[in-house]
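Okay, so subunit A shows up in both of these, paired with subunit B first and subunit C after.
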Partner chain A sequence: MTTPFSLYLDRETGLHRLHPLTKLALALFYLVAGIAAPGVWGSYTVFLLLLPPALWGRIARPLLVAAGKAVLPFAVSLFLVQGFFWPGGTPILTLGPFSLKEEGLVFAIRSTGRILALVGSFLLLTLSTRPDRLMQALGERGTPQALTYILLTTLQIVPRFQEKARTILDAQRSRGLETEGNPWQRVRALLPLIQPLILGSIVDIEERAIALEVRAFGRSGPKTNLVALADSRGQQLARWLLLFGAVAVVGARLFLAVTGP
Partner chain B sequence: MNRIKEDFNTLTLVMIPVAIAINIAIGQIVYALKLPLYLDSIGTVLVGVLAGPWAGALTGLLSNLVWGVSGLNVAYTWYAPVAAVIGLLAGFFAQWGWFKTWWKVILGGLLTGLVAAILSAPITAYVYGGVTGSGTDVIVAVFRNIGLGILPSSFVQGVSSDPLDKAVSFLIVYLIIRGLPYRFVDRFPRSEAVS
Partner chain C sequence: MIEARHLTYHYPRAERPALNDLTLSIPAGQFCAVLGANGAGKSTLAYALTGFIPHFYRGRLEGKLEVAGNDVAQTPLAQLAGTVGFVFANPFNQITGAKFTVRQEIAFGLENLGVPPTEMAARVDEMLARMGLEEAADRSPIALSGGQQQRLAIASVLVMRPQVLVLDEPTSQLDPAGSEAIFRLLRTLAGDQEITIFLASHKVALIAEFADRALILSGGQIIDDGAPPAILADPGLERLGIIPSAYTELAHLARQRGLGNAGGPLPVTLAQAEAFFR
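Take a look at the complex of A and B:
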């Protein structure tokens, strides 16, 4: 099997051994808390609270690196666009014709924090949960089999496609296709790159469909899984508490918004 | 209802992961060519045309969810509803016979892009503070500078890129389908939409 399309890191830790749905509930809780957190620095606090479970799963460093990579372009844009081009606003620093506005800077810091918390909570789930186990868990809870099939297959074929795309790019370049230079040249390079990728892949779809049908893919009724997922009473309780906690956080935030200053 | 069930036959179910992979792989090629386009919905449009609006919507939705939850492009997750609508619209345009003439294909793409821009603006504004972390943020800066709000600025930024992007995507799908063997196209639930 090719490596699935995911940042998942295989580690032997308690976090990794948790039932996938428990980690999904945990990520949802952080997600909701990250959006609802009040103040300029609230979302940053939520992000910091992601670190204990990440340390437990020994994924803290990859989580920080991946989150940094994802958030940096947004942070730079926010700082430049909203910080310097905030209409009106109180200037706090002037650089030539531009000035940094206080309101814009506060907005940029708050938005960056929110994006950081959103990205971080996803990464906590992704880095510690095998995608196929998550799909299996969702399938066992009644997610239609067609849906889990689509998601699992996608995760497996995307890396193969990326490889194919790179091969085509190299092959066409070696035949003299201009992939650099002026925009028009690059637009013209598009079709010779896209066409072989799509035509090649579409044609073997039919064969795969036939292969699945002769293996009773369309048959209804329960199916057996090769791997059994471990779950426990404690984790079931934890999941309910996390979902309840997420609702409570939203409630508290709305209460603050109504009664607050 | 029966029509939808027919749309999701085994061929469609096998097609959807391939379409998602096409979205992601071509999205990355285009990124490598440094073009001011995304072209990350070609697979979505393809499924919409060949297997109907609902299969197209599912492809779009799952594309962004998979891309996001894989941890490789987390920012895309929140645009999943927009991607779903792109697949949906491609499916409806095909149903109305717009995928048989090249200029109707382009028109359909432009309209889809406009709708995509309208729907992504609030997401860009409220989730990402009005920026996308790419070069088109310059447009946001210009419009913020003349005093426009964050939501309108995000919309202008979307309009500057989405209609062109979707028109090109629609046109590519039209050319691809014309290049496919008819025997193959005929096996899809909505083959009558393109022939």
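Take a look at the complex of A and C:
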């Protein structure tokens, strides 16, 4: 059985009930603040500030776990590459021919913090917002339907594509294809998979286009929605404040950069 | 409701026509089934009736085709949608992929037609009940079984209340009971709601029981046309790539051995077979 590819966690909380655009504005604000935050630890502070809304939405633990998993590889490579191979710099620890440089370490900590804040804001939005609701909200604000359709359908087609690849692979394997073993054998096993998968998908796309036309997808004129998205004056105000706040943060950061120490 | 006159169609770069000088008239509210071997032109005719020929598949179309008062060659697909419904065999490809629940999937066509939300909700609920999908209403459409997806595909088109419903082997993933339920539904739609049904199917016994009329296609031409029991009670259908009903084949063998009714047509449905062997 296939399930759509989505990070969304279905919970009954105030955060989940917020209008998708409010959450989008919130995530955008965190994102801008996280990247613009000054100092070595500024971005980490912004990341910690993601926790209150995440706790409200009961998604704090999955947010931390997912953010950790996503950022770890970046963090490791940043520390190794920047920490040890920073040109010049002040050595603070020497291991044989390599030495850890202070400037490199600071750069790695700061960059990791920015990535963490970026991933965290994205997760706050995606863990608490159903993708179709977000796209409906964007569609209501004038985003072309073809674009929101492509974004949404990808989420459902990717798992389907994986399942299809598995089926084809199983079929080939039952006829004696070697798919395990050394890397060369694995690469060779891909070839008989590619053709049926690609050709089959082209046929699928043709039928899918027909199915969409049958459902009046190409019709111009006003469209309606089965489910209305709950919104309020307060949320509209909050969205404007968040957007204004994001611009203000960028402004302040530029001001600091020009006049700063 | 459907008027085709001297319809000839070549797929792009094809030398032989897929439809060959085909003339056909189907009145409103008729349940018309079409049979034939693979490549006989069933799907091509279905594509023509729904406008995908010539608007989607290019190629060369000659003759005249009118469906629900629209000259199909002149009417854009977007305008035919909602008036002419189309359901085809592979249910997965009929799921939009843009909706995360069965309920919303059914509503998709109505949203595009701009139906007001309260009316839409009522029509979707009615369709969920009618197609036995109530329990699946809040599940993801791609997590359904093949049979459920097929019922979902039919529901999603039917909810738009088309005047003409074209179906190309819509019961391929259904078990015998599920297939019979679909035929029974089509019978009701044609009888009570005056929806004109054009169905391509291989299920001879069900066609004989439920359809008003059967057409046999071969080489893009209609070679037989009439009341289903009359033209389907023929063990020689196999020549045309159609597998006759098991009742017909059994009765045919029985008659050769001097069993059953000596005269009259062979049975196609279970009820007719009962009468034949009594």
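Here, the second predicted complex is superposed on the first by the 233 of 261 C-alpha atoms of A that agree within 3 Å, B and C clash if a C-alpha of one lies under 4 Å from a C-alpha of the other, contacts with A are read in each partner's own complex, and residues count from 1 in each chain.
Just so it is clear, a residue touches a chain if its C-beta (ideal position, glycine included) is under 8 Å from a C-beta of that chain, and two chains touch if they have at least 3 such contacts.
A quick note: this is a predicted structure, and the numbers were derived from the prediction, not measured.
Contact comparison for subunit A: of subunit B and subunit C, B touches the greater number of residues.
Of the two partner chains placed by the overlay, neither subunit B nor subunit C lies in contact with A:258. With both structures placed on the common chain, the touch criterion links A:198 to subunit B but leaves subunit C unconnected. When the two structures are aligned on the shared chain, A:169 is found in touch with subunit B, with no touch to subunit C. Once chain A of one complex is fitted onto chain A of the other, the partner contacts of A:73 are limited to subunit B, with no touch recorded for subunit C. Legend: residue contacts after superposition of the two complexes on their common chain; A:122 is shown touching subunit B, with no touch to subunit C. Within the superposed three-chain model, A:81 lies in touch with subunit B and out of touch with subunit C [touch as defined at top].
Of the two partner chains placed around the shared chain by superposition, subunit B is the only one that A:187 touches, whereas subunit C remains out of contact.
Look at A:217: by the touch rule set out above, it reaches both subunit B and subunit C. When both complexes are overlaid on chain A, the residue A:230 reaches neither subunit B nor subunit C. Residues 131, 149, 153, 157, 160, 208-209, 212-213, 217-218 of subunit A lie in contact with subunit B in one complex and with subunit C in the other. Subunit B contributes residues 8, 10-11, 13-18, 20-22, 24-26, 28-30, 32-36, 39, 42, 46, 58, 62, 66, 68-75, 77-78, 127-134, 137, 140-142, 144-148, 150, 172, 175-176, 179-180, 184, 187 to its touches with subunit A in the complex.
Residues 50, 52, 56, 76-79, 81-82, 85-86, 88, 90, 92-100, 103-104, 107-117, 120-121, 124, 140, 142-143, 153, 156-157, 160 of subunit C touch subunit A in their complex. Taken together, the subunit A residues at the contact with subunit C in this complex read 1-4, 130-132, 135, 148-149, 152-153, 156-157, 159-160, 204, 207-228. Those residues of subunit A whose C-beta lies close enough to touch subunit B in the complex are 5-7, 66, 70, 72-74, 76-78, 80-82, 84-88, 107-108, 110-112, 114-115, 118-119, 122-123, 125-127, 131, 146, 149-151, 153-155, 157-158, 160-162, 164-165, 169, 179, 183, 186-187, 189-191, 193-195, 197-199, 201-203, 205-206, 208-209, 212-213, 217-218.
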